[in-house]
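In what follows, structures are represented as structure tokens.
Both of the next two complexes hold subunit A, though its partner changes from subunit B to subunit C.
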Partner chain A sequence: MNPKLRAFLGGVNAELHRLKRSRLLIALVLLQAITFLVLVTLFGMTGAFAPTALVNNDNGPLAQVFISNLENDHHSFNLIFMNNETAARELVGKGSLVAMIVIPQGFSENISEGKTVPVTVFIDNINTDLTDDIQRAVPSAIMSFGDQSKLEGVNVSVVETDSYAHDTSFINYMVASALVLDALIISGTLSAFTVAEEFESKTAKLLAISPVHPLIPLMGRVTATTLVSAGALAITVSIGLIGYGISPIFPLQMVLILALCIVMFSCIGAALGAVMKKTLPVALFTLGIALPLYLFSGSYEPQRFDGNLIWGAAHFSPEYYAVGLMEHAVFNLKVTPEPLAILALALVGWIIVSLALAWFFSRRGFS
Partner chain B sequence: MASLELVNAVSENEDDNVIEFYDVDCKISGKDILRGVTLNIRRGEIMGLLGRNGAGKTTLISLISGLRSQTSGEIHVFGKKMRARTAEFRKKIGFVLQENALYEELTLFENLKFSASLYDVQNSQKRIQEVLGILGLLERRDQVVSTLSGGLKRRTAIARAFIHDPELFIIDEPTLGVDADARHAVWTYLRLLKARGKTAIVATNYLDEAIALCDRVAVLGEGEILAIAKPRELVSNSGTCIDIECDKLIANKIATDLQNDQLVTHVDLTLSGISLFLSKGANPDEALRELAKYGGINGFCVRAPDLSEVFKSLGRS
Partner chain C sequence: MKTKSILVIALHDLRRWRKMPLTAACALIPPIVLTLVLVTLSLAVTQQPVALVVQGNGPASMHMAQIISSDTEAYDLTMTNATIANKMLNDEQVAAIITIPSTFDHDVANGTGKILLTVNNVDFDFSDDIRRAVDRSLVEFDAPSLVSDESVNSSLPNVYHVALDEQYIRETNVDWVHYQFVPTFVLLILDVGLVGTALLCALDGESKTARMLVLSPQRSWMLVSGRILGGVFACFAIVLPAVLLSVLFGFFSLPINQLPALFGIFLGTAFCASGIGTIIGTLVKGSRYVAFLSSVISMYLFLLGGGFTTIELAPRWLQDLSAFIPTRYSIDALRQALFYPNPTGLPFSLLVLALFAIAFVGVGSFLMRRSWTA
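So, the complex of A and B:
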């Protein structure tokens, strides 16, 4: 066997043995990835399902129509039906509920007679984001109610034309982008750890004085780490897709994008490991940059919605391209103005840059 | 157990050098770490590099390994002027680094297997078994390195340097941080190298280690070679030391009286009295008879000088 290939495979073999005995580390990194996945979707859950008490003091038919309009209002309430207004108000005061909507007695009768009926809305305005959601959603539901019930005085209607034939829930949208974040957390952390440990434990010197170029066995070690990262990400992806009930529209494209992300982030991790040469700081740093890079990549919404400056800056993040491609692979969405081919080319470009960075900094680490 | 092939020790031929340093200087960050080092190491000998921390021992070793380059001067290894360290050259050298540099989460066997892959060792399984046998580590073969004692880790590092059967061993601080038993065990295995006809360079802080292992020692101080000698000669040339237990007044009087004595190289006042350093050839019995005249001496001890005292005898404090 060629000595270089032998040294490379030696590195792969040694690293696989090492990782086999570092199951706790892998489990913790995996847990971190899953935590991030859940964490980002929690942001969506709080906005989309604000727990709101509905006290219906009227049992008339129009009250029921109004309730169904409130229930169907997109991305706002999670209605909790209660009979007691005082109890509901107490729950809002305790922070268990965001708001309380009270349909007064005689609602249906008064509406039928064309009278104005006040609907009481009591809001815990501790968070203006949720307050705004309620403030927007209630009038919207009233409009729908008036339209549906053919009430006089309500003469505004919306004719909506959608870009996509299907709706994508906010949470699912974030799950797809969070999988890119998980690729960074898993492969970035593990490869950064592997390379930093090589320098920290001084085994890098052993490689430096060996007959083969030190980057060959190191490359073997990083390759093994990348393989293990791919396995760990597969678990996270399964949890994400099954847990949130997502069926990717282009599954092969999704797998390919995630595989490319694993390679890219492994290389970035390796470069960071070679620069920092200490396991604890590099692990913390990798986790530290993960969220900003993620948030900067159109993870919550197409990044261009946040203004041209932020959108322009987002182009420097590799996750921008990966998230753009992922949203297409999973939901057939086009979240960037750039065509998919450009995104794919940019992602490949980033992989080449990452490889070059890993090579340069590792080589410099040995000199 | 592996067979042990014993061969004749140091080459008789003084020109049969494995390593030659010619007026080698090395600067690191503008600071002189080695100055005018000229040194040769003969085939089959164990050469000690003796010096305190920061004397330049590790730098000198790094020059041979290629981890550093000299600023000026020439280094010949295996008869060739070495600038670039080729793969063939590196295969002839086995390093035991100051740090064990072992993969802590791998077993002994896995560590050696990885090293074998770096050095392209054929039939590596057999070779690993053989080396583990030679170093008495066969029973620990599948033990994870992090669970080993300091002494066993050191022995594993030596086993790793053994794996590709190099001609030259370079061992930096062989017994740093190991207990007395482990130290003795490491010495045993280093003697084994010599018995197998290998050449070795051993950098150490310990004079007793140099005496126990080395054919010759080069004493390094502040980047310069202060002396090259057989270890016992080095010690005997440094004279004899007498530690005297007495009160402070008598110690001061002895120190004043012996200030200009030709046979006393220097005196040190100590907490328990005074230490006298006699020059080579001085008779300690005679000195003790003279000292007895002072009275008030509670006890004494005649001993060989330690490394620090050897340095003093070489004119370095």
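So, the complex of A and C:
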């Protein structure tokens, strides 16, 4: 057998054996990847369905129409029906509910007679964003109520045209992007660990005096971590898709994107490991950079909506291109102004750059 | 003498931290990055980029346009024509187009006025924000007394016959970025105190120093106290400059009367972090595993405590779970002390935090001492 191929396969074999002994490491990396799915879920929960007490003191038909408009108002409220205003007010006071809406007695009758009825809205104005949401959502529901009840004097309404046939859930949108981030966490961390350990345990010095180039067995090790990363990411993707009930529209495209991401992030991880040369900071560093890379990649909405400066900066992150392709693969959404072909080319470009980085820093580490 | 010994041990641990600059720097990355992210996100969660196309030129069209353009809290508005607006929507320069059609004045006079809204609805978070804002603008057109603060008490007719009696629970007006920024201090304490103490414990185990400690002439409780106090000192060494810098840069103002409460919150959180770090560092073998696990746990403690999220908006089960997370009380107490004029829940939060700190330090100390002889 060719000595170079033998050295490469030796590296693969050695790394697979090491990873077999380091199941806790793989489990922790998986845990970290799943943590990010939890993170986006928690963040996504803050955007909609404010838990709101509804105290209805009127049994008339217009009160029911008003309630149904509150329920259907742009994912604004998670209505909790209560009979006792004092108890509801206490729950808002304790922070268990965000707001309370009270429909007074005689609501339907008074409106039918053309009188104006005050609806009490008691808000936990814990921050202005939350308060603004409620302040906009209630008039929005009132407008729909006016339209539906065909009240006299209502002169304007809105005719909406959407770019897509249906809205994608905020959490699902973020989960699809988070899978790209998980590829970074899993493959980046594992390969960074592998390379850093070579330097930390001084094996690198032994490799440097071997008859073949030291990068060849190292490449074998990184290849092994890439394969293991693919398996670990498959578990995370399954959890993400099954857990959130997401069916990718283009599953093969999704698999291809994630495979490319694993290769790219493995190379970036290898470069990171060669630069740091210590395993201890690798975990903290990966977790630290993962969040900004994720948030500046169009992960929660098309990045350009945040302004040209942030959008321009996002182009320096490989996640931007991967997320653009991923949202298309999973939901058939276009979230970047660039066409898909450009995103795919850019991703391939990033893979070449990351290979070059891994090569350069590893080589420098050995010298 | 005993105090001096404990302090010497604590300061020794601080010096060990200084000898790991790369690890220490990496532990600081998450809170620093989170601050930058929050500042950036504040641009995204408040205003939405929207194009306004005014094709009508009558008084009703002008009035409608004026209502929309005056809502600067909701829209980052670009006034343009239909062609450019469509190009901007395709290029994602705007998330939606609001069009006031040329027939608007005529239609309003007939009671059939329509505003055209085209939304890039890739997800419902920002598209719902736009829909609510547009609805509110329309309500303001037909029933100004319903939404406009200046018109609340006016005698203008309300065509919806529904008036709003808005009542607020607090006398405060904290914006999103400041509200979310405050928990960053808790993350800072977790990353320094929890991760740092956990790593030092793990390194003691790896380097077999732990076994030497058993032979030390000092009492074991002093050694344990020194380790935990070292973690607390490290937290304060980082948090105090961070707080001062935040005040200097105007992120928030420091209420003098709440300084003792703030000190108590930081102290309680630092002891909790150090105690949890001791538990992880003692139970898990191998510094790299400890680094991983402690960073993941600190992230969970931060998120479930209400950092980066509004726990009140989370499902009931998550709110219940959050009640058993010490950082929930740290974050609650910090927000109350800094933002609310009447922080009635502060003593309770401080008490629970203190109980958590005692429990974690107690369990951590016991496990650490036991690990030395194991």
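Rule of thumb we're sticking to: the second predicted complex is superposed on the first by the 367 of 367 C-alpha atoms of A that agree within 3 Å, B and C clash if a C-alpha of one lies under 4 Å from a C-alpha of the other, contacts with A are read in each partner's own complex, and residues count from 1 in each chain.
Quick note on the criterion: a contact is a pair of C-beta atoms (placed from the backbone, for glycine too) under 8 Å apart; a residue touches a chain by one contact, two chains touch by 3 or more.
This structure is a prediction, so every number in the text was calculated from the model and none was measured.
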Overlaying on subunit A: subunit B and subunit C, fit or clash? fit
With the two complexes superposed on chain A, say which partner A:135 touches: subunit B (first), subunit C (second), both, or neither. second
If we overlay the two complexes on their shared chain A, which of subunit B and subunit C does A:202 touch? Say first, second, both or neither. first
Applying the document's definition of touch, where does A:193 land relative to subunit B and subunit C: first, second, both, or neither? second
Just to be sure I read the superposition right, which of the two partners does A:66 touch: subunit B = first, subunit C = second, or both, or neither? second
Which chain makes contact with more of the residues of subunit A, subunit B or else subunit C? C
Draw lines from the C-alpha centre of subunit A to the C-alpha centres of subunit B and subunit C: what angle do they form, to the nearest 10°? 90
Applying the touch criterion given at the start, work out whether A:98 contacts subunit B, subunit C, both or neither, answering first, second, both or neither. second
Rounded to a whole Å, what is the shortest Cα gap between subunit B and subunit C in the overlaid structures? 11
On subunit A, which stretch or stretches are contacted by subunit B in one complex as well as by subunit C in the other? none
Using the touch definition up top, name the residues of subunit A that touch subunit C in the complex. 24-25, 28-29, 31-32, 35, 38-39, 42-51, 66, 73-76, 92-93, 95-98, 110-111, 114-133, 135-140, 142-146, 151-164, 166-170, 172-174, 193, 276, 278-285, 287-289, 291-292, 295-296, 300-302, 304-307, 310, 327, 331, 333-337
Per the touch rule, the subunit B residues reaching subunit A in their complex are 65-67, 87-88, 90-91, 93, 95, 97, 99, 101-107, 110, 113-120, 144, 160
Partner subunit A, residues of subunit C touching it in the complex: 20, 22-23, 25-27, 29-30, 33-34, 36-37, 40-41, 43-46, 48-49, 64, 73-74, 89-95, 108, 111-129, 131-136, 138-142, 146-147, 157-170, 172-176, 178-179, 191, 195, 199, 286-289, 291-293, 295-296, 299-300, 303, 308-316, 318-319, 335
Would you pull the subunit A residues touching subunit B in the complex into a rising list? 3, 6-7, 9-11, 13-14, 17-18, 21-22, 201-203, 205-212, 217
